[in-house]
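What follows is subunit A paired twice: with subunit B in the first complex and subunit C in the second.
Here is the complex of A and B:
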């Protein structure tokens, strides 16, 4: 008989990679069927409960660590002890002396005095102060960390502006500087395009779609998702746009993000209008529309890339857009033999990809529920329980506190794919696989395994549609990843927008 | 010159440590970076067993490096870097030495902590080397009594007190006196590779010595 135990380690903080490595180690112990190590956040307690662990008596706060194990009763205690031991010296992170790396900002600057930028990736509560120090040292900042208070973001960005420095972030997962990708970035070619984006999968998608059209990017400046809010005022978006307009190597400027606050949008568009460079503006789902050369206003990611590529190649952007939307129309023919009844369940690792898919689906088949919905009334009461058409963003904080981001580990998302496949009301399961540096080495493999298992149970009742956001030069290889999914019976599309449309046409 | 009569005390993978009648350590090493004062660099270790008495003709051996600490002080440019080395004392397993240092004088760490050469001794040796590098005299009161630590460790401290250091440390001293980043990076990496904790303890001691 399987027993379970949850041990609470009070006030213990470990990064999510360590927790994953220790959990894997426990899972390899004989007699252990399931093991997980997570911070005791409300969301993680819910996830544990959904996995069948009894959590009602757990006395723990979000600064405490939960070590949960299920298996043969005789080994549970040993497994907990093993976990505590491993946490002191995690597998794969041995404290053997290696290459010397400075540990402090001053130490790093003494060894690299010509550096002009710092990448900060530490717990959010410390990240803001470190960014302050970097600005004082005259460095541009890429703030990869999230959970930095908005007040801190505002003060950092104002300080940076005074000094003529950029603060990219907080929560800036991707940037490209002189063709070099930072964070989650794809191995795309360098070229004449300069991007400013919130810096998530929206940036990655446009980067990849430009590469598919043979156009490279020199710089991609991430701003963090809150930059375009009224309170922050689009400081980095404005500074980034100005910098790209002044850069002689940049021929086309591209802006990407969710729609900014109206005053911020107005400010940004005014900067671009005065810039004398063609610009494609992709505020996804934004209200502004219509081309006013040199500005081209787009509503979707692939559309933005297609327009920008046309501008870079000296072609007519309107024709490029028209052709793209015609190709979307042809998806209806592709969907005809794939018709299914039921709802779409979208399982996303990329936040902007999830947002764009909701936008497209809402236009084609009606409102979509989500944990990160387009409109507040469509918010799921419980992110773990779908209703109607649902698209879940697994990159939201509720799923990533003390847990790896789904772009680094799709295990949790794959489990959801299995459970959604058992729902008789589901007709299509739609998902993304985001590739690039920093991402899981084989995300398609993780999802394909789940699809294969699900197909054994559900048969052909459900259609699986996916998008692989990446290029062949990425460490995972886009063609290879695509093939893995196709062999598992997944229909793989060429863009996120295409995948969302195909899913809608299948059930519509 | 009469041959040296030495007794084999320890045999490791790439080092044999021998003791003279006067109680000094001599070594045969197979890696250049493991050379210390009174070391012989050899292609392979001789087939000597622990406890065996051997004879070495010192005048027949080539001089590979000068173990004397250079007289050039470290560049102030690296000061932020050596401040970081003090952090080693806050992390296990060296925290035991850090805690002792916080409550007592420097000599109280002799023989303390983990390692073949106790970490406290490595720290003291680093302190002595740094003091010498600054051109100062090492205060005699920090030199430990013989019975406070191991024979090998005591011998290293004797050398450090006299201004003689291991080749890795000599390279580090040279790098700290210069401005070359890659040279410093290389020598720091080499120092960290000393023993399990020795490198880190030594660097922490050097930082204390530089700031004394």
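Here is the complex of A and C:
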């Protein structure tokens, strides 16, 4: 008979990644069916209750840790002990044991007096206040955390602006400063291009596509998606653009994001029009397009990279654009022998990649359902149940509460791949594998395993199409990751835009 | 004076205090970036309450 236990560890705080890694270790123990480690917040108690754990007697607050285990009664105690052991030296921690960790910002600053920036990835309800302290200490801030209220974002950014400091985020997953990758970032070469991006995987895709074309990026400033909303007014986007225009090492500026609020877009474009540098503007899905030097307006991510690469190499951007769209036309020939009947099911770890794929598919084969749709009427009633053509963004909050971001762990997405393959109406399964610092060591392996299982069950009824967003210098190695997928029978494309088009041509 | 402009940050490169996810600290170390990991813990009481208490202790002075 299965039993369960919840152990409360008073006043013990650990980051979510550590907790997930320890939970995963416990789940691999014989006799353990389920294990989770969470801070005792109200939301987490609800999740535990929904998972069938009795939480009504739990005496714990949000500064306490809950170790919840279910399984064979004889191993529950041992599992809790194992968790406490692992937390002393968490899996994945490579640091020297005994390495001193300051407990306060002042302590950290006395250890690294030359510090100029803070990277903050604690729970959103605390992150804003910590960012405030860091600004007071004169540090630039990258706020990886999400769930920071927009009012707090506005006050942080206004304060930072007055001090001449940058606040990247909240919800800024990726940045590159002087070639150094922060958060989820790819190990691409440095070069004459500077990016400002309000879209995390959009930034990664353009970074990678520039690298494919032999062009490096020196800085990529992330702003967080809300920065270009009317309320925030593009404070970080404007400061970043101005800094890149002034930077003597930058020859080409690239902007990336979903279309900003009209007033913000106007402000940003005015800054660039006044500069003396060519700028590729990739407001994905925006209405503006065409070349109005020094601005080159693009609608897709790879297109933005192709135009920026041409500008950096002194070539004609419009021919680069034409060339790219001709190459997309040739995908129809590639798709001809792969034809399938049925719907596309897209399973994405990258939010901007999912958004771009929806834009492309909507143009080619009609509307696409999603948990993060282009239009509200295409929102899935249940994100776990696809209908028609569906593309799911697994990085949305609903999937990351109590779980690792899919770029850090694709287990949940791989399970969905397997269940989609059981649907007789499915013709193509499309997905991404995002590589780089901070990401899972082998996302292709996780997805390939699911594809192999799916192929055994569904035979050749379904075509599998993927895109690996990364470069060979990334910790996972892009060529290696592609090979793993190809050996599992997946057709791997060279860009997100290409993968989305190929999927459409296969069923179209 | 620690405060430096955005241009100075871009010119000098990042030297980082990491507050949160340990993996980001490891990734920065692997890129040979000067970085310190803060052993961050949630505050015992929320900051709003703390500032109210401070105001009370300060005898009405804010």
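What we mean here is this: the second predicted complex is superposed on the first by the 419 of 508 C-alpha atoms of A that agree within 3 Å, B and C clash if a C-alpha of one lies under 4 Å from a C-alpha of the other, contacts with A are read in each partner's own complex, and residues count from 1 in each chain.
Rule of thumb we're sticking to: contacts are C-beta pairs under 8 Å (C-beta built on N, C-alpha and C of every residue); 3 or more make two chains touch, one makes a residue touch a chain.
In this text, all values refer to a predicted model and were calculated from it rather than measured experimentally.
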Partner chain(s) touched by A:17 [first = subunit B, second = subunit C, both, neither]: second
Which of subunit B and subunit C A:177 touches, first, second, both or neither: second
Partner chain(s) touched by A:106 [first = subunit B, second = subunit C, both, neither]: first
More subunit A residues in contact - subunit B or subunit C: C
Subunit B versus subunit C as contact partner of A:422, first or second or both or neither: neither
Partner chain(s) touched by A:129 [first = subunit B, second = subunit C, both, neither]: second
Footprint overlap on subunit A, comparing subunit B with subunit C: 102-104, 107, 109, 111-112
Subunit A-facing residues of subunit B, complex: 77-81, 83-84, 87, 92, 181, 184-185, 188-189, 191-193, 199-200
Sites on subunit C touched by subunit A in the complex: 1-28, 30-31, 33-44, 47
Subunit A residues touching subunit C - in the complex, by the definition given at the top: 11, 13, 15-18, 62-63, 90, 92-95, 101-105, 107-109, 111-123, 126, 129-130, 134, 137-140, 144-145, 163-166, 177-183, 218-219, 239-240, 242-243, 246-247, 437-438
Residue ranges of subunit A touching subunit B (in the complex, touch as defined): 88, 97-100, 102-104, 106-107, 109-112
